[in-house]
C-alpha cells in the first residue's frame, strides 16, 4: 500500500510540475511529460516510501487548506514582527534557545512542523532530535519546555496531527 | 563618465583579468590560486560575452509571442563560446580541487612555496 | 594587501600594468555594443530556417558549432575521469566523520530529489526552445545527486549505472554524428532529421536528441564527480 | 488584476528590503538568520507571485518558483543555522537561555 | 575514401564506450586504444595521397565554410595525424603490461582522449575549436601526469594545471579579441582578413595566443611545468607528452603565426626564443641525476630547436622544423619507453641506478642508445636529417646573425652529446652494481614498440626521402596563406 | 664496386653481430672473411682509373657519391689491411670479455666508417661516415669500463665539437657554391676570397685537428688510446687518427688546391707555416710527456700524438717531398704503432698490468713478442732498415733544405724523446728481473702473433724496399700537383741528396761491428736466473723494488715542470664553466608556481612592450 | 520600464546592498553564509522582476535554475560549515 501511495504521489507531483513547467497542453508535451513522469516515478518512488505521507482524504484536504491559511497568517505576522524589530531604533530582542516537544510521527510531518516554526514569528528551528525540536527564539517568553511547546508548536501541531494522522 | 558607461563591461572584464592574475601571482595558497584562475576565466568570459553585446539587444531566442527581429538580437556566437568556456573552466576547477585534496594528503599544506619537491 | 606590497607584488603590478595596457589597447578596437560579425549576423538571420531551433544559441551550439560541443562533452568526460582516477589513488584514506544531516534536510532532499531530476530533464529536452540545454540540464541533475549526498549520507548512486549511462549517451552523440555522415550528405554531425514545426517540442531535427544525450551524459558525469568528491572527503 | 499584481509585488519587494535591514542590524547569526528567512521568503514569494498575477500566462511557472522558494528557504536556512550552532558560533550577549546542553549531541560543546 | 571527421569520431566513440566495455568485458579495454589508433593510422595514411593533391576540407554539420567548423586535412594535418596515431598505437601496446598494477580503464580513456585531442588540434580549421581540443589535450595530460597518485606526480600535475590554465585563459582571451575584431573564427577566413600584425588589433591577440599555446609548446620561458610533469608521469605518458603533445603545441603556434596571421615580423623573435629554449633546455639537462628529468629537459631543448627551424621561415627551415618535430617525437618516445622499461625493473629513476641495464634489458638499452644518438643528430639515425636541414637553412640565409645563432645551436648539440653519451656509457659499460631489482622480469609486450621505433628511426634516418617530400608540401601548406584562404573559402 | 665495398663492410658488421649471437667462432672467421674480401676489392680498384659513382641519389637533395683516387686508394687499402690484421689479433684477445658481439660489431662499424671516409666523393658522405666512425669509436673507447668512461666521454665531446665545425664548413661551402662534390668544389674555391678560405680552413682544421690530435686538440687522445681495448687502440692509433690527416690533405690540396693553401699569408704568418709550427709543438712536447708515463699504453698514446705531429708537419709544410714524407710516415706509423699496441695489449692480457714499473723480464717468457716489439720500436725511432727511417729522413731533408732550422730542430728533439721512451718501453717490459708473479706467463696463440709478425716483416720490408710505397705516394703527390720525385725500389734520390738502402746497409755494417765489439767486453758476466732471486729466504717483493722503477728520474726532475699540460687545464676550466653555467641556468626552475606564472606573464609583457613602442635596441 | 518597476528594483537593490554589507562584515563564516542565502533569494525575485520588465518569459527558467542551484549550494555550504572552520 505504502509503495503504491508513494508512486502515486510522486507521479502526480511530477506530472503536475511538468505541466507547470511547460504551461501548455500540447499533446507532444503532455505525452513526453507522462512518459518522463512515469519513468522517474518508477525508478525513484522508493525514496518516498517511509517518509510518512498521509493517505488521501477529504478531511485531511480541508484541514490542509486551513493549515495553509493559518500558516500564511503566521508568516505575515512574522514578517511584520521582524520588520518592527529591524526598524526599531533599539532592536528590541530577548533571544535564547529553548526545547519543545512534538507528538507528530513521520518525517514529513515533522519537517513541515519545523519549517512552519522557522517561518513564523520570532522562532527558528535549529535542530530536530527525536521528539524534540531545538528552537531559537528571538523573544524568549518562557524557559519551561511545556510552556514553550504550547506557545510555539501547538498552533500547528493541532492541524498537522489531523492531516498526518 | 560616458566612457565609463560605454565600456563598463570591458572595464569589468579587464579588471577581473587583472585581479585574477594578481591573485595567481601573489597568493601562495593553492586554493587561492585556483580561485584566481577562476576569476581570470570569469573576466575572459565576461569579455567574450560583452564583445557580442548589442546595445538594446535581446537574447537570441525567438518565442511564440514576441516578434523580435534578428537585428535586435545579440550575437549568439560569443554566448555559445562562453558556454563552452564555462564548462571547460568548471572541469578544470573540479580537477584542480581534486588534485588539491591529494596534494594536501602528501604535503599536509597547500602553501605552494613549501610544495617544491620538484625543481631544478 | 600585504602580499601586494612586497617585492613580488610590485613585480606583479608592473607586469600586469603592461599586460592590461596591451589588452586594453586591443579591446579599445572593438566598439562596445555594436557587434560586427558576418558569421553572427548570418546565424541570427538564417538560424531559424537552417535549423528550426528558436533558441539561436542552441542552433550554434548543437548545429553550426556542434564539434565544439562534442569537444566540450569530451572535456567534461576527461575531467570527470581524471578526477575520479586521481581521487581513487589514495595514499591514506582519512576517516573524516560526516554527521547525519538533520531530519529536515534529510526529508527535504528525499522529497525534492525526483522533482529536481524532472526539472533537469525539462531543461535539456527544451534546449532548442528555451534557454536551457544539455549542459544546464545535466548540471541540474548533478545538483540533485549532490543534494542526495548532502542530505542522505549513506545513499550512493550506482557507479556502474552512471558509467553505463555516461558511456552510452556519449557514444550516442558520436553515433548521431556518424549517422549524419551516412544520411545527411556526408557531413559529420549534420542535422539529417526533419526540422518539424516551429516551437513544437519535436522539431529542430537532431538537436533535442543531442541535448538529451548531453544532458544524460553531463548529469551522470556530475553525479560521478560528486560521488568521487564525497567519497574522498568522507 | 494587473494592479493587484503590482501591489503584491510591491509588498514583496518591501519585505525583501526589510529582510536585508534585519540581517544588517541583528546582533548574532541566529537572529540574522531569522530575519533573513522570514522576510525574504515572504518577500520573494509575493514578488514572484505578483509578477505571475500581472502576466496571466506566466502564473503557473511563477507559482512553481514561489512554492519552491517557500519549500526550500526554510530548509537551507535551517541547515545554516544548525551548522552555525554545531560549529560553536557564540550566541549574542543579550541571550537569556541556551537549553541545547540537554541533548547528548550538544552537551560537550558550549 | 575516408572522411577526416572519422579520425575524430571513431576514437571519440570508442573512448566513450570504454566505461561500458569495462563493465561487460574488462579485458577488452586495453585493446580499444590500440584499435582506435590503428584505425586512425591507416585512415590518415590513406588520406595522405589525396591530401597531397589538394587538401581535404571537411565541413562539420554541412554548413558552408566560414559558418561552420571545418577540418582541413592537408599534407600537414594528415602527416601529423598519422604520426600521432603511430606513436599512440605503439605506446598503447607498450601500456599493456606496464600499468597492470593500477586500475586501467580510466587510464586508457584519458590516454585515448589525449591523442584524439592532439588529432583534433592538427586537423581543425577553426581557432576556437583549436582551443577546445587543446583543452582536451591539456586536461587529459594533467590527469595522466597525476595518474599514479604519487607525491611527485600530484605536485607536477598541480603546477602543470596552474600554468596550463593561465595559458588557456590567455589563449581564450586572444580568440575573443580576434572574434571581436574580425567577426569570424575560421582560420581560412581569418587568413583572408588579417593583413598584418603591425596594429595592436592583430598583434595583441597574436601575442596572447602564442603565449597561451607556448605554455603547452614548452618554449622558454613558458616551460617550467615540463620537467616536473614529464619526469613524474608514467613513462608511457611521458613518451606521448614529449613525443606528441608539445610538438602539437608547437604546430599550433606555427599554424597561428604562419597561416592565420602571416606574422613574418615575429619570425626572428621566434628563432631567438627557440634558441634560448634550446640552450636553457640542454644546459639544464647537463647536470641531472634523474634520467627522466634529463629527458624532459632535453625535450625542452628539442622544442627550441624546432622553434628555431620554424622561425627561419624559409621553406626549407620550416621543412627542417617539421622534420625535427617528427624525428624528436619518434626518438623521445623511444627514449622514454626504453627508460620506462629499465625503471620498471630497477624501480629507480636515478641515472646511476641504470648501470648494468645492458645485461638486464638489452633491447631497452639499445633503444636508449639509438634514441640518444638520434637526438644528438648522428647519422644514420633520423635525428641527423632534421638537424642537418635546420642548420643548412640557417646557413643558407647567408646572414651573420643566423650564422652566430647556428654556432649556439651547435654548442647546444655539444652539451646534448655530453649528457646523452654519459648516460649511454652508464647503461652499457658500467657493472650491474649488485642493486636489488624491484622486479625480476619486465613485460614482453613493451618490446614491440621499442623495436618498431628503432627500426623507424634507422630506416627514415637512412631514407629521409621517404618523408621529406611530404614534409615539403606540409611546409608549403603552412606558409602559403593565400592558398589556404582560397582552399577553405573558395570551396563554398 | 665502390658501393659493394661499403655494402660488404656495413652489412658484414650487422651480420657478424647476429652470427655472434649464434656462435662466436663463425662470427670471428666471418668478420675476417669480410675484411679480407674488402682488402681484395680495394686492392683490385688500384687497377682502375679514378672514378666517381653516385650510390644514393637524392639524400636530402644531394647525390651522395663515392670516388676513388690514388690518394683515397692509398688510405683505403691501409685501412683494409690493418683492419684484417686487427681482426685476426682480436680473435684471442677478446675472449673472456663481455659483449663480444658488440665489440665485433662496433669494430667492423668503425672500419667500415673509415672505408666510407676514404671513399667519399662528396663532403656530405664524408661527414656521414665520419660521424658513424665517431660514435662507434666512442662506444669502443668506453668498452673497458672504469677509467675508460671519462676517456670516452672526453673523446666524444671533442669529436662532436669537431663535427659541428665540419658541418658548418660543409654547409657554408654548399650555401656558397651549391655543391658538395669534391670534384666540383675544387674548381669553385679557387675564386673565393682569402678571408672566406681561412674561415673554411679553420673550421675544417678544428675538425681534423681534433681527430689528428694536433696540439691544442690532443687532450682526448692519451686517455682514449690507453683505455681502449688493445685491438682497437691499434685501429685508433694506426688508422682513425690518420683520418684527420686524410681530411687535411683533402681540404688543403684537393679542394682548395696547393696554390691557395700555400698562398694564404706570407712568411711565418702564412697559414701553412702556422700549422707546421703547431705540428712542431705536437712533435716535441708529447714525445717528452711520453717519456714520463708509467703506463705502457699511455706511453704509446702520447707517442701517437708526437708521431701525428710528424705527419701533419709533412702534410702542411707544402713541398712535394714533405707531403710524400707525411703520407709515408702515416703508412709507416699505421704499421709500427698497430704492432706496438698489439704487443702491449698482449702483455697486458698476460700480466693484467701495463704499469712499466711492475713489468720486466718477459723476454724469457715471450721471446717472439720481444722480437716483434723490438722491430716496432725500431721503426718508431726510425732506425735504418726500418720504414720509419725513410719517412723521417725525407722530412728532415725537407726541413733542412727549405731552411727551417726551428722545425728541423723540433723534429730532431722529438726523435730524442722517441728514443728515450722506446728504449724504456722495451727495457722495462722485456729486460730486467722477471717478477715472481709472472712466472707462469705462457706463450700466446698463433692468431695473436700472426698479425704482429706480418707487421714486423712489413716494417723491415718497407724499410729495405721503400720504393714499393714511395711509388704509390709519388702518384698521389703528382696528382695533387707536385712535381714527381725520383723514386727507386731501394730509396729515393733528389737533387739535394740521395738515400738508399744499400748505402745504409754498408754504414750499418760498420757500426754494427763496432757495437758488437764494444758489447763483447761487457758481456763477460755469468748468467743467473732472474726468477730465483731471494732475499733472506723470502721472494723479492714486487713493484717498486725492481730497478726499472723511476727509470728516468733525473730527466724527469728536469723536464716535468715544463710539461704540465696547461691546455688540459684550460679545457678543464671550460668544462667547469659549462657545469657552473648549467647549474645556474636550471635554477630558474625554482619549484614555486608563482615564479613560473610570472615567467609566462613576463614574456607576454615583454613582447607587448615592444609593440607598444618601447624599443630596447 | 516605468517608475514603478524602477522603484521596485531599487528597493531590492537596497536590500541586496545591506545583505552584501553583512556578507563582507561577517563576522563569522555562518554570518556570511546567511547573508549569501538572503541575497540569493533576493536575486531570484529580481530575476523574475527583470523578466517582467523586459517581458521575457525565459527569465523564469533562469530564476528557477538559479534558486535550485543556490539551494543546493547553500546546503553544501552548511554541511561544510558544520564541521567547523
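By letter and in written order, the chains are A, B, C, D, E, F and G; residue numbering begins at 1 in each of them.
We adopt the following convention: a contact is a pair of C-beta atoms (placed from the backbone, for glycine too) under 8 Å apart; a residue touches a chain by one contact, two chains touch by 3 or more.
Everything numeric in this text was worked out from a predicted model, so none of it was measured.
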| item | value |
| --- | --- |
| Other chains in touch with both chain A and chain E | C |
| Between the pairs B-E and C-D, the one where more C-beta pairs touch | B-E |
| Far-end chain from chain C, centres as C-alpha averages | F |
| Between chain A and chain C, centroid-to-centroid distance (C-alpha), Å | 34 |
| Chain D-chain G separation of Cα centroids, rounded to whole Å | 11 |
| Centroid distance [mean C-alpha coordinates] between chain G and chain C, Å | 23 |
| Chain centre separation (chain A, chain B; CA means) in Å | 39 |
| Contacts with 2+ other chains: residues of chain E | 128, 132, 135, 139, 142-143, 146, 149, 154, 157-159, 162, 166, 173, 179-180, 185, 200, 203-204, 207-208, 227, 284 |
| Set of chain A residues in contact with two or more other chains | 17, 21, 114-115, 125, 127 |
| For chain D, residues contacting two or more additional chains | 18-19, 21, 33, 41, 43, 57-58, 61, 64, 71-72, 74-75, 77-79, 81-82, 86 |
| Pairs of chains satisfying the touch condition | A-C, A-D, B-C, B-E, B-F, B-G, C-D, C-E, C-F, C-G, D-G, E-F |
| Chain D - residues contacting chain A, complex | 15, 18-19, 21-22, 25-28, 30-31, 33-35, 37-39, 41-43, 57-58, 60-61, 63-64, 71, 74-75, 77-78, 81-82, 85, 91-92, 94-100, 102-103, 105 |
| Touching residues (chain side chain C, partner chain A) in the complex | 102-104, 106-108, 110-111, 113-115, 117-119, 121-122, 125-126, 200-202 |
| Partner chain C, residues of chain E touching it in the complex | 3, 5-6, 8-9, 12-13, 15-23, 58-63, 66-69, 102-103, 106-107, 109-110, 113, 116-117, 120, 124, 126, 128-129, 132-133, 135-136, 139-140, 142-144, 146-149, 154, 157, 173, 177, 179-181, 183-186, 199-201, 203-205, 207-208 |
| Chain D contact footprint on chain A (complex, rising order) | 17, 19-21, 23, 75-76, 78-79, 81-83, 85-87, 91, 93-99, 114-115, 118-127, 129, 132, 134, 136, 138, 140, 143, 145 |
| Partner chain C, residues of chain F touching it in the complex | 594, 598, 601-602, 604-605, 608-609, 611-612 |
